[in-house]
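Next, two complexes with chain A in common: one pairs it with chain B, the other with chain C.
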Partner chain A sequence: MADTSTSPLTASRRFGPGSFTPLQVFRSYAVAVMILLLMTALSLMSDSFLTTQNLINILNQNAPLAIMAAAMTLVIICGGFDLSVGAGFSVAAVSAAWIALHVSPTLGLALAPLVGLVLGVINGLIITKLRLHSFLATLATGLMFRGIAILISSGKLIAVRMPEFTWLGRDKIGPVYIAVLVMIAFAIVLMVLLNRTTLGRKILAVGGNEEAAILSGIRTSRIKILAFAITGLAAGLAAAISVSRVSMGQPTAGAGLELDAIAAVIIGGTSIYGGRGAIWRSLAGVFMLALINNGFNILNADPFFKDFTTGFIIVVAVAISAIGR
Partner chain B sequence: MSRQLKVLLASAALAASTAISTGSSEAADLKVAFFASSAQNGFNQAVYKGIQTKAKELGVEVAIYDGQFDAAKQYSQIEDVLAGGKFDAFIVVPNDTVGIAGAVEQVGKAGKPLATALFPIGPDLTKLEPQVPGVTVTVASSPAAGAAVQAGTVVDYCKAIDPCNVVILIGQKIYPFDNLRYETYLKVLGGQKNIKVVATGEGNYDPDKSLTVMTDILQANKKINVVLSNADQHLVGAEIALTNAGYKVSDLFLSGGGAASIAIDAIREGRWKNTLAYYPVSMGSLALEAVVNKLKAKPGPTVIDMDKVGPLPAVIDKDVLDKHPEFKGEWAQ
Partner chain C sequence: MAEPETFVRLINVGKEFVGVPVLKDVSLDFRAGEIHALVGENGAGKSTVGKIAGGYYSRTSGELEIFGERVGAWDPASALARGIAMMHQELQLVPDLSVAENVFLGIEHNARGFLKRNEARRLADIVEICGFELDPHARAGSLPIAEQQKIEIMRAIARDARVIVMDEPTSSLTADEAERLHATMRRLRGMGRTVIYVSHFLDHVLAIADRVTIMREGRVVRTSSAADETKASIVSGMLGRSDADVAYPDKTRSEAERATPILSVRGLSASTGIRDVSLDVHPGEIVGLIGLVGSGRSEIARAIFGADVATAGEVRIAGIPYPARTPAASIEHGIAFVPEDRRRQGLVLTQSVRPNMTLPHLPFFSRSGFMRRRSEFDRVKELIGHLGVTPGHVDGAVATYSGGNQQKVLLGKWIMRDPRIVILDEPSRGVDLGARRRIHEFIVELARKGAGVLLISSEIEEVLGLAHRAYLVHAGRVVGEVVPEDTSMDQVLWSLFHAGDPSGSHRSA
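Moving on, here comes the complex of A and B:
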């Protein structure tokens, strides 16, 4: 069975003598180290960085990606990939906007996660019933979903300028944006699911050794369908937040988000081979990517260097976690 | 599945796609192919709408090809369609204004007229006159000239403000046309001592990305007077960020580009100050008319400058809209 350390708490319990060397601890928390280094550097370079408002902004801006990355963790732990979440996001976004405009704004926001859920189930069924590799299957369904988004919107932007539609993306409870609270709640649910339930252990088992999982009586197909369904649901929820924030749905929305989500999961230290990982790690990965973007904007740095810097930091983070492996 | 059945299905699919892409009018004598930079883009769709409307009027058959914002794909499409020999003329919204020249030259050698819309084709983006063999007519406005006029409105606004803090939101600096616009902005604004460009962000033609970048910029810059952008999409996001930061946007100077309907509404409501006009429907209509005239050996210009022939002036502000209450913008965004 693969290493199933899934949270700082679980890992810290194992820090007994002889369990973990300092190098292993450093490797295990590479993403946290990188975040600390980045935050220190940005704090020294700009007075505007380490302010409550800026940190709240960072969380709010990246709540949709964090939700998607948290769910993507389950798929990757299961040994799969979901390259269709960006397209699923766009279907949910234009669906929400269309329903808001023609039926009800609240219904539009409420149905977006369900639209994502349906698309996720379709992915899961295609992968398990047709026995296709998730990489290929979701690459194909991603094209289909993007086509559906174009059909729903006729390829055009759907503007929804209604106050009842923008509360999810723009309103706050106290100093905190509702979107951030939704993200935290969603992440907690997934953490509990992965770390404290039988289902979570089955997800880890399927990704760790699928054959062994089958021999143990786990219905691996069901677990995979569920993982893809949750990822679809997350894409829909993220779309609802995003479309509410900008009060418009567009078929090009979400392009590239799948790669951002996968990058965040991998940067966090979840194994690309499945069987090992944690939700908090993916959230940390999102935060690290967010810090780079925020830093460039706040420092008014030339965007020509942003891609290079992002890539470089990803390489460093992944290299640290690979040291001694 | 048997081989015959596969062949039958493939033939049916090809026949269906041909019928969809070329339309069903067998009566039309002339056929014009439109190479959109992306068929799922609102601007390109509006150009195609103009092409379709004029084509119907002239009895011409048209088809659209989706370049998917991919320069290599668009190059291949032009070559393939030219080799197919079914079309008499071509209209292109180029993804790559320089690299596409090779395909355009092949069209010219085949003796078929070609109109480029939105941007000139060739190494010099400021020059609307055809620069490479094969371009019959350029239906566009100069990105630099438009940006200079737009930046000039900022200079006028800032005259009584010192310092006048300006944020520039540009599409992407890797695009030559965006870089040209950006450099033009800096050149015009740089000549004014009271104007300070405090930050530049890339909006990538996406309201959500623009919201993020503007929110971050506002963290580092507490006093903003102007947001200058080449795209209305950027201002949609910037407006939300400014409102969240406590600004009353109508007290600021927000200048966008595109004359999208959402910008026209914002200017009428006093939230934005102006937008650099683009008329994609008119552009498509004029491009089609130009290539059809060429096919019919009628005389025509080699340049149609949209800043001069558009229904409204190059920069649309509230005064202009008050004089043209019927104007709604030629595209949604």
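Moving on, here comes the complex of A and C:
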């Protein structure tokens, strides 16, 4: 099943066993339905919504979040949460800027994902060796990471206005932003990993039934550490793109990003109880959040309604996928 | 008001689940003060009848009469209010509350909303009625299943239930615990209460029930006095054929049996309570482990497989020492371990059949970390056909399968690569007769092909029926060895009860 999750017909089986009544398809694809409805509504309300430029911009702006949400999917399928990715993002961002300024811009960009990876491994080790719940462990490490970010930057902005540094976030190859390409490549790698590799099988098994996984000879701690490491790496990669785009490292960057990433995963329909989910769902979740944001900007609506509507639509999307379960 | 003769009556009751009929035109009455057993294969509708009486399912058609009155909408709360309590197969206790708090959950005495916290004292009255005792302050979740069931029974009595529906109450009990439950049921009957007893265990049914209703495919086959039925007559009624065979497959002795033991255990101890365990399993031999719940049967298996860390002792495979055991290394050595609880320890229910079956064998079905999907698909399909799993989809949602088919998937998962040693813990618990028969044939087939089989079961009869030899386990030790041909159930039970200190772990409750 894992390897067919990208095909619509079999993916719904995972959520509604064996049968494909309209309700079940609707339930399973709640996020897709909501996206279609939103796009239709926005196209009707504004001429500037359904333009290539606008859609490209949406993708480009949300590439960092999409990278983080795609990786967060693995942690959530594993039965965990990572509340530290926002802070990990900050550490990677200021590290990249600092290295860019003091050593080399390219090295700064290259090391950001590695910094994230190291933080992710630390999370994984704390969770598995100390047997802490990931929710608590990453809440705590998030605070520590935030402190490290402030330490590295001495609490100040680190401006890096060099083309060797800003290309990743700003340049295009042909008509497409490099950031979007990186996001797509990363998402494809994760999809292949989850659906085609033994590691993907193990991640799904650990989240679905840890006891059964252990008795099946799977070293579950190792799998969890890997999931957190990948999520950390993703935070670092996202930070590299962002810091390059704004050409400065800020210790406060990425605050709240962890919640956006988790929200996107859940909106997409990946189970918060672990054991099932798909990468494309989280990408769809990011896209839906982005559409709401974009719609309010285009329509120039009161920001009060934006938060309210975002919350409301999350409730609706999650409620649809919970019908009859 | 005079007591009505009939406590619960179903009149032409039908029940459908999303268009699929599970009960058809069922008319049944449960009389005052009787133990009335409902038997049938999985899916025959026996649990459904119990749940309709208890208010957990609504009927699609027909009438329900409770204590002589027709009732309309019927839910668990109104059933309980009228004196009908349900004891579920999956116990419904609050694990973190004490025994007493669980018994009186929802009917606590209070003064202006403040709890009086007198549950422990009130429990004494219940104990007197039940005839068994529990520590009122023990945490419910810390007790073994048999004790947890007692809480459910006390709970029903605390609510003054006149009808108690018991859905498979003995499925996780040992023989002696089941016997004690039966004693309680007799006491309840003696007080004029009615027990609706849903069970797979025909021996239990015949031993205790006054009347038996046999069900098949959602219909009542017949209701008769238990005294008029035999195991064979019930089985033929359940299966709808007269040549039903409840016997065990023939025991064939393999040639290889005199060779070196494929599995040899000496002096094995672990912190889980097993001490100085020694046993041998030869190729082609089925060896049983017989013991009561909590005797350490499963713990022995876990220590051999490497699921628990052993503190002393040695395990040899075909004569070669196998130290530093882990599940992964055991699988590589060709040991399979089918755990007792298929939902908690066996299957990943969020996934389909295919990834479940190949989970312990991922290196075998992959190349450089990527799944070889073709060979995986083919092998899973082959095993599904061989074991007769229905539905037979390679990517079927195993979570929705019946107990018997889930168990077949679990077996398939472990014999995927023809293991040399197969440890089976409760391989036929909670499965219907057809699947049970298939599983038994399969175990014999494994041995015939040369595997050494270690068989653990709460059903002594099952072990005696299948095994060539059996070890008796008591309090974490092997206390004897029997040859089934020369041994009766009674002898085995006698040995187990008199092993070690009889007053020790068998505190009469």
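In this text, the second predicted complex is superposed on the first by the 308 of 325 C-alpha atoms of A that agree within 3 Å, B and C clash if a C-alpha of one lies under 4 Å from a C-alpha of the other, contacts with A are read in each partner's own complex, and residues count from 1 in each chain.
Heads up, the rule we're going with is that a contact is a pair of C-beta atoms (placed from the backbone, for glycine too) under 8 Å apart; a residue touches a chain by one contact, two chains touch by 3 or more.
Quantities reported herein were computed from a predicted structural model and do not represent experimental measurements.
With both structures placed on the common chain, the touch criterion links A:Gln24 to neither chain B nor chain C. In the superposed model, A:Thr310 lies in contact with neither chain B nor chain C.
Shared-chain residue A:Ile298: touches chain B; no touch with chain C. Shared-chain residue A:Ser271: touches chain C; no touch with chain B.
In the superposed model, A:Thr51 makes contact with chain B only, not with chain C. In the superposition on chain A, contact of A:Pro251 is made with chain B only, not with chain C. When both complexes are aligned on chain A by C-alpha atoms, no chain A residue touches chain B in the first and chain C in the second. Residues 1-4, 10, 13-14, 17-18, 196-199, 201-202, 204-205, 207-209, 211-219, 271, 274-276 of chain A touch chain C in their complex. Residues 46, 48-49, 51, 53-54, 57, 61, 150, 155-157, 159, 170, 242, 245-246, 248, 251-253, 293-294, 297-300, 303-304 of chain A are the ones that touch chain B when the two sit in their complex. Contact residues of chain C toward chain A in the complex are 305, 307, 326-332, 337, 339, 344-352, 354-355, 358-360, 362-363, 366, 369-371, 373, 391, 393, 395-397, 399-400, 413. Residues 39-42, 45, 172-174, 198-202, 206-208, 211-213, 215-217, 219-220, 236-237, 240, 244, 262, 332-333 of chain B touch chain A in their complex.
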